[in-house]
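Shared between the two complexes below is chain A, which has chain B as its partner in the first and chain C in the second.
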Partner chain A sequence: MMKVLAIALNTFKEAVRNKVLYFLLIFALLIMGFSGVISDLSIAAPEKLIKDLGLAAIDFFGFLIAVFVGVYLVYTELDKKTIYTIVSKPIDRYQFILGKFFGLLITIYVNMLIMSIFFFAVLYFRDATDFDKVMKAIYREVAPGQFEPIGNPQVQYYLYHLKQFIIAVGKGIATVFGYSEPITHHLMRVIGMSALGLAIITSFAILYSTFSTPTLSAVFTFLTWIIGSLCEDILRYAERLAQKAGGVQNLVGPDLLKYWFAQVAMHIVPNLALFDKRTEAVYGPWEVATPNIHNVPIDWVSVVYGLVYVAGVLCLASMIFNRRNFK
Partner chain B sequence: MKIIETKKLSKVYTHDFIDVEHGRIKFNFFRRTVALDGLDLEVGEGEIFGLLGPNGAGKSTTIKILMGIIFPTSGTARIMERPLGDKEVKAKIGFLPENPAFYDYLKGEEFLDYYGQLYGMPRSVRRKRIDELFELVGLPDHAPNLPLKGYSKGMIQRIGLAQALLNDPKLVVLDEPQSGLDPLGRKEIRDIILRLKDQGKTVFFSSHILSDAELICDRVAIVNRGRLVAMGELSHLLSPKIKEYELVASGLSRESLDVLEKHARKFIERERDVLMILEKEELVKEALRRIVAENASLVSLTPRRETLEEYFIREVARTNAPREEVRA
Partner chain C sequence: MRRSILQNIVLFFCFIAFFAAAVTIQHKNLEKVKLNPPFIETWMLSGRSGELLKLLALRYDLVAADFLWLRAIQSFGGRGMTNRDWKPVYNMFDTITELDPYFETAYTFGNMVIGDEGGRQREGLGLLNKGMFRLVRQYRIPFEGMYVAHWQMGDTNLARWYGRVAMKRQDAPNWVPRVVAYIEVQAGSYYIGFDRFVSNLLQGLDASDFDMQRIALNKIQEAIDKWNRAYLSRAYDEFTTRTGRLPRQIEELADMPALKEYEVARMSKFIAAMEKRARAMNKEFAIHPDLRRGLPWPPREEIEAPLPADSAAKPGVKWEELRNEIFRESLVKQSGIPEDPYGSRYVINLSFAGYPFAKKDDIITHETDRFDFLKNLLQGVRNSIAERKKMLGRNPESLREVFYTDFQTTEPYGASWKYDPATGDFRSTSHPEL
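For the complex of A and B:
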């Protein structure tokens, strides 16, 4: 265990030196900040836009880190031949794979944590700087319908924003550690599920990089992600095809091929849609009129499915890596 | 106990079907390269064993197989009488690959600490050992806190040696430990290898710097084209017979010089003295007689035996008789 941890920490140290990571992080933060600004344009519920964009950014940029940083990690060790001195040490090759996986996962999760804090801060700040709230803070109602400013309104306006900014960052940090307000209720669960989905993608990035080049691994990982995210839709499409033809037995030619492709894909590729709880959290179930807060119950079946999937892919990666000759 | 033993060890590389070389697509259907062809080696405990051979002879392949980096196509190898890959055995081995590269973002100390963790060494042991090693391999005082990015080639080689000695190994395997080092650095590596032997460790190393190998090896194996050419103690391999004599004298008469020049294999007249290489003992005696008779002075007389280099070149040339690249 100590050896796996040592490799994981070294992988993390290596990954945080990758400049791509910072570009991705900065870009993600920009998008979230921007979502706070354009949320004013939203007619009904500004926080929905922030939530939707923010949660999507956390998930998508986590995925990009897995691809762009992940596919190089194993390759660099082979390319620079540092693997020579690693495999000659008293460790098993699967420990190396596990170390790489956890190192990459730590990198992704640390980034997700930073993005989440920022996301919550934007959310809290936007909420606290709502026009009504700002006005209430800098004007006092002396008589019904009569208001007078508290001190210099301009100074008060900026002071209020500064104060709210600091509070929002503080609350943002608290939120990732379990604090929640109605506006951020259950969002950590959504991010948690996202993190589990990313663990699957990470394990695939590691799997592919045990036997192919970084470019190919990136392509494979990307395709896995796309098919995985869409596989419920693909299956639905296949069922529709069968329905239209009046049963599977009536399908012929390309339609039959499509049907079986969907069936096979569904059972091989991870169903990443299970880990996407964003719509549920932001907009609620389809059939219910939308209040602002939605309950997102923890989906234990998906959690177990995710963990089993990760373990399976890592086993496969170890098996391939075990047989490799390092030229 | 035999520390290393290989039996009919072979490695055949199968090329990729399609290769892109200089922008051209090259098809290599079923093309194979034999890197190692039935190698039998035996290394005893406490020996300094040199694996010698020209480039591409299979030295690195042998070492990579022993270190579990690649797998043999056929044949067996055992280290400390256990099969390859045994973790208990690996814990007793130190390995320095050829032209090593390490994590250039780590500081010297962090790097050794990381590798120490891979050996499963507790923190206190690692601390102590790392300090000792920086001194042993002769790295400067600022090395522990300098990122490996800032290390010179010689320093990288030294820290590579340090990581190979972290676990106080019983067997030290070094692949071309002296490549890229200046004469001083090479001597220091030689001294470290000799010191390891004094501590009772076995050192197995590959090299093509034969003069160095000759100075320190107890036994050598010469490989060429993946095959064992010769193996044994240096004194057995090299003929003990004196091959020729190198004589330097000054003040000899013209007549004597003319006589000696006729019989010498090499004869060089220099400003102050004359150097001649004589093959027969009688000629040497004749030269000495003349030196005494003419009251000339003898500067030096050196008998020369066959060197490892000469033996090596002879043996390699003998086995270099053309052999077709294997195509199945």
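For the complex of A and C:
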């Protein structure tokens, strides 16, 4: 266990030196900041826009980090021959794979945490700087319908925004550690599920990098992500084929082949839709009409699915890496 | 070497175990996917832009919908200032709602753009229908459907259907049934409309909400009036068909089949049923004294008559619990001209009878309204005479000189007009005092 941890921490240190990581992080933060601005263009549901864009950015940039950092991890060790210094020590190859996997996962999760803090801060700041709230902060009602400014309105305006910015960042950090308000209720669960989905993608990135070049590994990981995202749709397509023919028993030739190929493939490829709880985060559970607080129940079956799937892929990666000749 | 083989065997079994567990869970998940309701299942992968975009968005469909939503808003504004061609905007909203099926505002705003602004109410309703079946607990979408169907398309039956759906939704506020009851009455479902307004009144009494009572009482009068007019209107048609002439008095309709043994709610019976129960409940009154003006107040003996033996009215009982018995007691099976719920009586306004574009509601009217109509008509003609007099510098010699044609409007009571060129005085022979 300590060996895995040592490799993981080393991998993390190595990964944080990667400049790609920072570019991706900056882009993600820019997009989230941008969401706060464009939400003003919407005539309704500005909060929804920020949530949609923020959660999608965290998920997508987490995926990009997994691909662009993950595919190089094993390859670099082999390319620079540093693997010899590791395998010559009493470390099993599976431990090496696990160490690399957890190291990359820590990198991704740290980035996700930074993105989450920023995302929550944008949400809190947007909420606190709502027109009515700003007006209430810089004007006071002296008589019904009569308002007078509290001090210099312009100065008060900027001071209020500065104060709210600091508060929003503070709340953002607190939210990551369990604090929540109605506006951010259960969003950490959504991000947590995204993180589990990313663990699957990371395990695939490691798997592919054990037997192929970084470019091919990136392509394979990307394709796995696409198939995983479309998993349920492909199954529906197969069901539609059967429906059109009037049942599976009536399917013949290529359609029958397509049907069974889809059925089998969709059982094997990861179903990433299970880790996508963004709709619940924005609209709440569908059983409740227009809820004020959007509860996102934890889908334990999906959690177990994600964990066993990752374990399975890592076993496969270890098996392949065990047989790999480093000469 | 041996250790490596052993490790590989262990890893292989671990892989089999983990992967088998994953595949088993996935199998169960996919079984659930197969059970998805058809309206979700069938709209996928059928080649339309929204469905295709949903696939291409790769689970980021909400973000794709958001960007398209912002674009649609800009497009709405842009087209509003230029060619006002809203048709392409429909496709945008259709696509947005495919990408984000729970985006309520996209349905309602889309309907407003396409229906209100674009004049394509059918397409707007199509969008609302789509949203109504996806957001099954929200009232707003079917409620807007009701609005479009009734006030824009004039289809009260369709409006009634939307209204009934809206009313049953989980988040429907308590004012929705009131609006729907109004639609029910407009669509000819008088029993339902009357019952709902009675229920509103009783709720208002239980909550001691004066405004609610006032509105509900007003609506009850309106519902009964509509109900009565439906029978009178049918009788009017029967009369004209049978005799080949227009009726001069409302009483002429009394013998028509439509007015034989028909059931209707009677306002005075309803008031009596309410007041009787108020006494049994030790309350001073049911209908607030400030609301009694213009009501056909029942005779004292009717209010003091004993309650039916099965009545639940007693001190401490809530009004709402008496809804069914009050409803039942308000209904009468009768023949002849119905009682006017506004405390007046039904009459025929002969100014409108025979006029090809007149509405039935103008022909069959209340005595008070006919009187007001005559007053307004007299005032209008007198104003015209005064204007003409200013131009001529003398009184016009005849009404022809005022209107450039014969004054053809029939006197509402069937009497005649009297014009005196010497004094410029214009009067009706039915009401010379006016």
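Operating definition for what follows: the second predicted complex is superposed on the first by the 315 of 327 C-alpha atoms of A that agree within 3 Å, B and C clash if a C-alpha of one lies under 4 Å from a C-alpha of the other, contacts with A are read in each partner's own complex, and residues count from 1 in each chain.
Please note the rule applied: contacts are C-beta pairs under 8 Å (C-beta built on N, C-alpha and C of every residue); 3 or more make two chains touch, one makes a residue touch a chain.
What you see is a predicted model; the values in this text were computed from it and never measured.
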*Just from the overlay, do chain B and chain C fit on chain A, or is there a clash?*
fit
_chain A residues touched by each partner, larger count belonging to chain B or chain C_ = C
*Touched partner set for A:E14, first chain B, second chain C, both or neither*: first
*Based on the superposed arrangement, let me know which partner A:D92 touches: chain B (first), chain C (second), both, or neither?*
both
*Specify the angle subtended at the CA centre of chain A by the CA centres of chain B and chain C, expressed in degrees to the nearest 10.*
170
_For A:V252 in the superposed arrangement: first (chain B), second (chain C), both or neither?_
neither
*Tell me which partner A:M319 touches in the superposition: chain B (first), chain C (second), both or neither.*
second
_Looking at A:A143, would you say it contacts chain B, chain C, both, or neither? Reply first, second, both or neither._
neither
*Which holds for A:M1: it touches chain B only (first), chain C only (second), both, or neither?*
neither
*If you stack the two complexes on chain A, which partner ends up touching A:K80: first (chain B), second (chain C), both, or neither?*
first
*In the superposed model, how near does chain B get to chain C, counting Cα atoms only, in Å?*
6
_Using the superposition on chain A as set up above, list the residues of chain A that contact both chain B and chain C._
92, 323
*Touching chain C in the complex: which residues of chain A?*
38, 41-45, 48-49, 52-53, 56, 60, 92, 94, 225-226, 229-230, 232-233, 235-237, 239-240, 266-268, 271-274, 276, 278-279, 282-283, 286-290, 301-302, 304-305, 308-309, 311-312, 315-316, 318-319, 322-323
_Can you tell me which positions in chain C touch chain A when the two form their complex?_
4, 7-8, 11-12, 14-15, 18-19, 21-23, 25-30, 33-34, 36, 41-42, 44-45, 55, 58-60, 62-63, 65-66, 69-70, 73-74, 102-103, 105, 109, 137-138, 169-171
*asked:* Taking the touch rule as given, give the residues of chain B at its contact with chain A in the complex, in rising order.
replied: 13, 64, 67-71, 87-88, 90-91, 93, 95-97, 100-103, 105-106, 114-115, 117-120, 160, 163
_Per the contact definition, I'd like the list of chain A residues that touch chain B in the complex._
2-3, 5-7, 10, 13-14, 17, 80-92, 323, 325-327
